[in-house]
Amino acid sequence: MAAATQGTAIRTGRVARTFIYLVLLLFALFYMLPLYVMLVNSVKPLSEITGGGMMNLPEIWTVEPWRKAWSEAQIGVQPTGLKPYFWNSIKMVVPAVAMSTILGALNGYVLTKWRFRGDTILFGLMLFACFIPFQIVLIPMARVLGVLGLAGSTWGLVLVHLVYGIGFTTLYFRNYYAAFPTELVRAAQIDGAGFFQIFWRILLPSSGPIAVVSIIWQFTNIWNDFLFGASFAAGNGAPMTVALNNLVQSSTGVKEYNVHFAGAILAATPTLLVYIVAGRYFVRGLMAGSVKG
Amino acid sequence: MAARAEADLRTRLQNWIPKLVLSPSLAMIFVFVYGFILFTLYLSFTDSRMLPSFGWVGLENYSKLWRLSHWEISLTNMGIFAGLYIVVCTVIGLMLAIFLDQKIRGEGVLRPLYLYPMALSFIVTGTAWKWFLDPGIGLENTMHLWGWESFSFNWIKDRNYAIYCLVLAAVWQTSGFVMAMFLAGLRGIDNEILKAAQMDGASNWNLYRRIIIPQLRPAFLSAFVILAHLAIKTFDLVIALTGGGPGRATELPATFMYSYTFTRNQMGIGAASAVIMLMTIAAIMIPYLYAELRERK
Amino acid sequence: MGFLDIRNATKSYGAVEVLHNVDINVEEGEFLVLVGPSGCGKSTLLNMIAGLEDITSGDIAIRDRVVNGVHPSKRNIAMVFQSYALYPNMTVGQNITFGLEMHGVPKPEREKAMAEVAKLLQIEELLGRKPGQLSGGQRQRVAMGRALVRKPDVFLFDEPLSNLDAKLRVDMRTEIKKLHQTLGTTIVYVTHDQIEAMTLSTRIAVMNDGYVQQLGSPKEIYDNPANLFVATFMGSPSMNLIQVKLRVEAEAAFADTTDDQGGKVSLPVCGASAALKSYKGQTVTLGLRPEALTDVEGADHRSDHVEKVQSMVTVTEPAGSDTFVTTTFGGTNCVARMRADADVHPGQRAEFAFNMEKAVLFDPKSGKRIV
Amino acid sequence: MNKTYKHLKLSAAALALSVGVAQAADVEVLHWWTSGGEAAALNVLKQDLEGQGIGWQDMPVAGGGGTEAMTVLRARVTAGNAPTAVQMLGFDILDWAKEGALADLNATAAAEGWDAVVPEALQAFAKHDGKWISAPVNVHSTNWVWANKAVLDANGISAPTTWEEFVAAVETLHDAGVTAIAHGGQAWQDATVFDAVAMSTGGPDFYKAAFIDLDPTALGSDTMKEAFDRMAFIRDHVDENFSGRDWNLATAMVINGEAGFQMMGDWAKGEFLNAGKVPGEDFLCFRFPGTGSQVTFNADQFAMFDQGGPVSAEQAALASAILSPSFQSAFNVVKGSVPARTDVSDEAFDACAKQGMKDLAAASASGNLFGSMAHGHAAPASVKNAIYDVVTAHFNGEYDSATAVTELVEAVSIAQ
């Protein structure tokens, strides 16, 4: 797996290399741009922003917008800031990511190592499910959650994200485990290990790279979800995105753009962190599984 | 004759456990995906407006739908958007992956820089993008301030070009992810083949065109699935950047569906549009899935 | 009734039958090799013994206990896989004792068993390493250790040597043989390599197309192949097959063919049976191993039926110990195994000695040996 | 009572023990007032209730002028978990009332005499089948024009009162190189302008026939074409970058003297006041030219969701608190709107608001008070959005006025 950090054996000339570096840097700038705009404007006083010059560095640096966004911006009738909603999101995201990843891993394990007639069709059905537009499930989902008694609860949200996440996690793990030697499973069977023991002792310890991919994917999607969060969470249990939306989309009144930007970055911090911390393993994980078709 | 050992309990259990383990996921998928699709199909034949109701109206919603120029616009936009988005993301992703694969110093810094947009939703970056694209305060204004007076970039305000702004922002978000997929594919290619081809005198261009890129087929396919799925689900982007405007120039089927189902209280038409969207997705994905899954068997 | 009985075992995938009515009895302490080309069903059969594949019909019994449907871990078998299937996340020691652990053997006993096996296989110093840090031969030993530690009734080997380089393969082959002789265990061993089959086994089952073509001792298989498939599959270089016309004169039978120039060659068939004589006047296939086609000096002196025929040498391949010489009889290429110093040169005629005692004849239509 | 809702409600009642319906003595309030001023104003209400021992569970969902909140509401009701009280607008209230989802507030209304103090045009959205079903908080009027006094003075313009004067004023500004009209190119803003233009072009009867009665003749009339032509004139006098702009940024253009006029509801006033501008001195507010005696309005109300029985004590208390003159005054001073009851003292209000209150009372008395089409107080959401489609497409130059008229008739017929 050391291959993940080494380049190809192809040699390139000096001119070509200069060109390549130039293009790579240009794109780096392009990708950085929105974050730069957000960052630079989140540390300006509002008056500087309304004065124009969105790319300029602040004349007066201030962290006030950050403080305000975190702990005293008006989200609802009370100026709580984003702080309480941050924990709401964590409480929802952690179980949802964990459960969908574990279920995806188990499904991938069954679909590759315990094959049975019709398993491919079932997998196809699970995969196709990834494509369902979320807008159409809102009303029936609300009904089902109501019947299950999960409406307005964090567990309801966890269930929703679990349902619409397992298609992807199953896909990732299935492709990864397809390349995992079946002989190991057979050896373990002969050694007397059961279904779960094989999974737990043999497959799972080797699933690091793909688990990273699955976790990154799920964490990002669930953390960033707005539609389900707004529809299925009760007011004070609303996730971060809903709070951010309330902050940014307030209908009338002065728009404090610096606070909005600070809030947006705050809301994005966990996903950014996940990418930065786990990103190193990301290509490795993709290599190990998901791009193998 | 030896005593016949019946399949013992544990063995029989072992045969059932895999199916048992799979069944909750399947049950969830069947209820929450396929059940809901059927429900939506049913709604599309009813007179549902604000809430689901069950008065049968046959194909009325479909005929209304096709009379709406709004719907035609969103379909055309989908075609333009999805086509460009998928192609541009793939091209940029592949190019960056190939460039990054040249033993680049600082790859460790560049890679997360390219990838991070995927971590952010447009609820977060929407305002920044809106500013950036706005000629009055964004890029155009900045260029003017920096002295390039003739610079003009007002696509977002032009209904003929606004859709390309959506493509730009969408490409910004996912091309890094596509890059990672291709990079993974490139790193998986046997270097000996490359050495052999170089000894055969292949130029770098030919090496990529004839030998490496053809080997990336799985990465292309995965990228296609992921991009197609993201294109179809594109919703936040439109809401955050243009709200469907100028006029209705950037409406997509997802925003159409949402708007008819929820803000216009015409759930029947919304459901009909959802059914057509799903059929389109199925028409594209089922042959793909069929080919992919059969091949692997 | 044997130690391991395979009775009329059949395997189908859907409508496709891949293994047809296999009947093999293995005695305790026997070393049975299942050999055949890939896709012949040998691995499927092994997996059925292991319990990794269902048995469609028929029975498999170990120590008189029918094990159809019994979980692999309850059959008291152990298996060594082609890829060794070492658990990558565990150390060598953990790999070896995993099976015992799963069977609830207490730790001290496991440690003891592990130590014994490690000593036997000389892998004591490897116990703390991960499989990724081992060489191919070391992995092979660990895989065997994992099987040995269980003290199973039957050992199953699935092409265990095919991932090793040539030299190591020969060494390990000897080692396996030695282990079998020391421990007296019952082994079923799958390979596509006929040399492994010959060297290791006490009995061989040659398989093709889901059928057992021949079951017998290595010598039987080699000397008296049941059909053309077995004849060509076993032995390297493979048996020469020459189309001959059978001529019967009184008690004697002759196989008539031609040399490289179309000259008539008539080879007396020794011990012609009535069955053989019924082929009188028909074309049959004469099978002769390369070592039964030699230079005159190298011919087996104990044989009374050595025929000398001149023919053109097309290729010579010195192999050190011997020289393989290609020539033409009856329009087909034949390989002769001559002494290393035999004086033959490509493009020159040389004298070939046919040891007709070793000749076998086959019905060209059914491919069966004419007895 | 509509079958769908009855069905939902039955199961909601069955689940009431285990889930959701806010605990006794609590009200859960779904609203989209999250900006500083609004939320602070709402906090007044919260404290009022808490003074009576009623807890307030906040459920804010901002976005799209309440559309997000309405989506959430539907999800909540479908789940059998409706909030106690919901901020709502116009036809949404009536639609929910038709579903039988709203609690009857007649007892509170009778006790406090709402019938006498709430304008009749507003009652049309607060009552269903003769029953009060929601408590109006405020009345926004939408046919205002906001102008920068300095810009107007510099160009010798006084507040125009007729379309012709307006045209002249706009052209004067245009010739002077000033952006005449500040506008944000979002569908609802286009429609807000269109509301006023249509009223001005065809008068109140035409407005009512076209947008309230949805009379195809009125919708397809030459008057309507004339209205679209006037929209085209306005389009020609907004700046280049209007598309997609938020309304408050357009307001800022007027505040900063970059533009002369903005057509926007009374909530724009808050922006001026926040910028330290004084009504009458720095900026002017006047009715859209030609609509001097009419008021188009929209009103925020709180509807109480039927919790499976008679209206609860908490809901009654909330409704009564909303309609109390003190809250009406306190809230509307902050919000920029005017009280929903006409008997509130205008003492605390500024000049523009005082004007607004006078206009409202006068229009209400003379039958010139109409629901705003653009803000969902003239026609149901489906029709409103269908009209949006045409107005915004026309405004963005997708087709000419004649086509717009045909499209309008077609779109409204599909939406009905």
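Residue numbering begins at 1 within each chain, and the chains themselves are lettered A, B, C and D in the order written.
As a convention for this text, a contact is a pair of C-beta atoms (placed from the backbone, for glycine too) under 8 Å apart; a residue touches a chain by one contact, two chains touch by 3 or more.
Quick caveat, the model's predicted, so the values are computed rather than measured.
**Q** Could you compare the number of C-beta pairs in contact for B-D with that for A-C and name the larger?
**A** More contacting C-beta pairs are found at B-D.
**Q** So, comparing C-alpha centroids, which chain is the farthest one from subunit D?
**A** If we average the C-alpha coordinates per chain, C ends up farthest from subunit D.
**Q** In whole angstrom, what separates the CA-based centres of subunit B and subunit D?
**A** Centre separation, subunit B to subunit D: 37 Å.
**Q** Roughly how many whole angstrom separate the Cα centroids of subunit C and subunit D?
**A** Taking the mean C-alpha position of each chain, the two centres sit 90 Å apart.
**Q** In angstrom, rounded to a whole number, how far apart do the mean CA points of subunit B and subunit C lie?
**A** Comparing mean C-alpha positions, subunit C is 55 Å from subunit B.
**Q** Please list all residues of subunit A that touch 2 or more other chains.
**A** Residue numbers touching two or more other chains: 138-139, 141, 245, 248.
**Q** In subunit C, which residues are in touch with two or more of the other chains?
**A** 71, 74, in rising order.
**Q** Give me the residue numbers in subunit B that touch at least two other chains, ranges are fine.
**A** Residues 10, 14, 51-52, 262.
**Q** Show which residues of subunit D lie in contact with subunit B when the two form their complex.
**A** That would be residues 2-5, 8, 64, 67, 70-71, 74, 77-78, 95-96, 99, 185-187, 240-245, 380-382, 384-386, 389, 392-393, 395-398, 407, 410-411, 414-415 of subunit D.
**Q** Which residues of subunit D touch subunit A in their complex?
**A** Contacts found on subunit D: 11-12, 15, 18-20, 28, 30, 32-40, 42-43, 46, 56-66, 68, 71-72, 74-76, 78-81, 246, 248, 252, 267, 270-271, 274, 335-336.
**Q** In the complex of these two chains, what residues of subunit B are touching subunit A?
**A** By the definition above, subunit B touches subunit A via 10, 14, 17-19, 21-22, 24-26, 28-29, 31-37, 39-40, 51-52, 92, 95-96, 99-104, 107-108, 110-121, 123-125, 127-129, 131-132, 137-138, 141-142, 145, 172, 176, 180-181, 183-189, 191, 194-195, 198, 204, 207, 212, 217-219, 221-222, 229, 232-233, 235-236, 254, 257-258, 261-262, 267, 270-271, 274, 277-278, 281-282, 285-286, 289-290, 292-297.
**Q** Please give the residue numbers of subunit A that touch subunit B in the complex, ascending.
**A** For this pair, the touching residues of subunit A are 3-12, 16-17, 20-21, 23-24, 27-28, 30-35, 37-38, 52-55, 103, 106-107, 109-111, 114, 116, 120, 122-141, 144, 162-164, 166-167, 170, 178, 194-196, 220, 224-226, 241, 244-245, 248, 257, 260-261, 264-265, 267-268, 271-272, 274-276, 279-280, 282-284, 286-287, 290-293.
**Q** Inside the complex, what are the residues of subunit B that reach subunit D?
**A** 49-54, 64, 67-70, 130, 134-136, 154, 156-159, 162, 241-249, 259, 262-266
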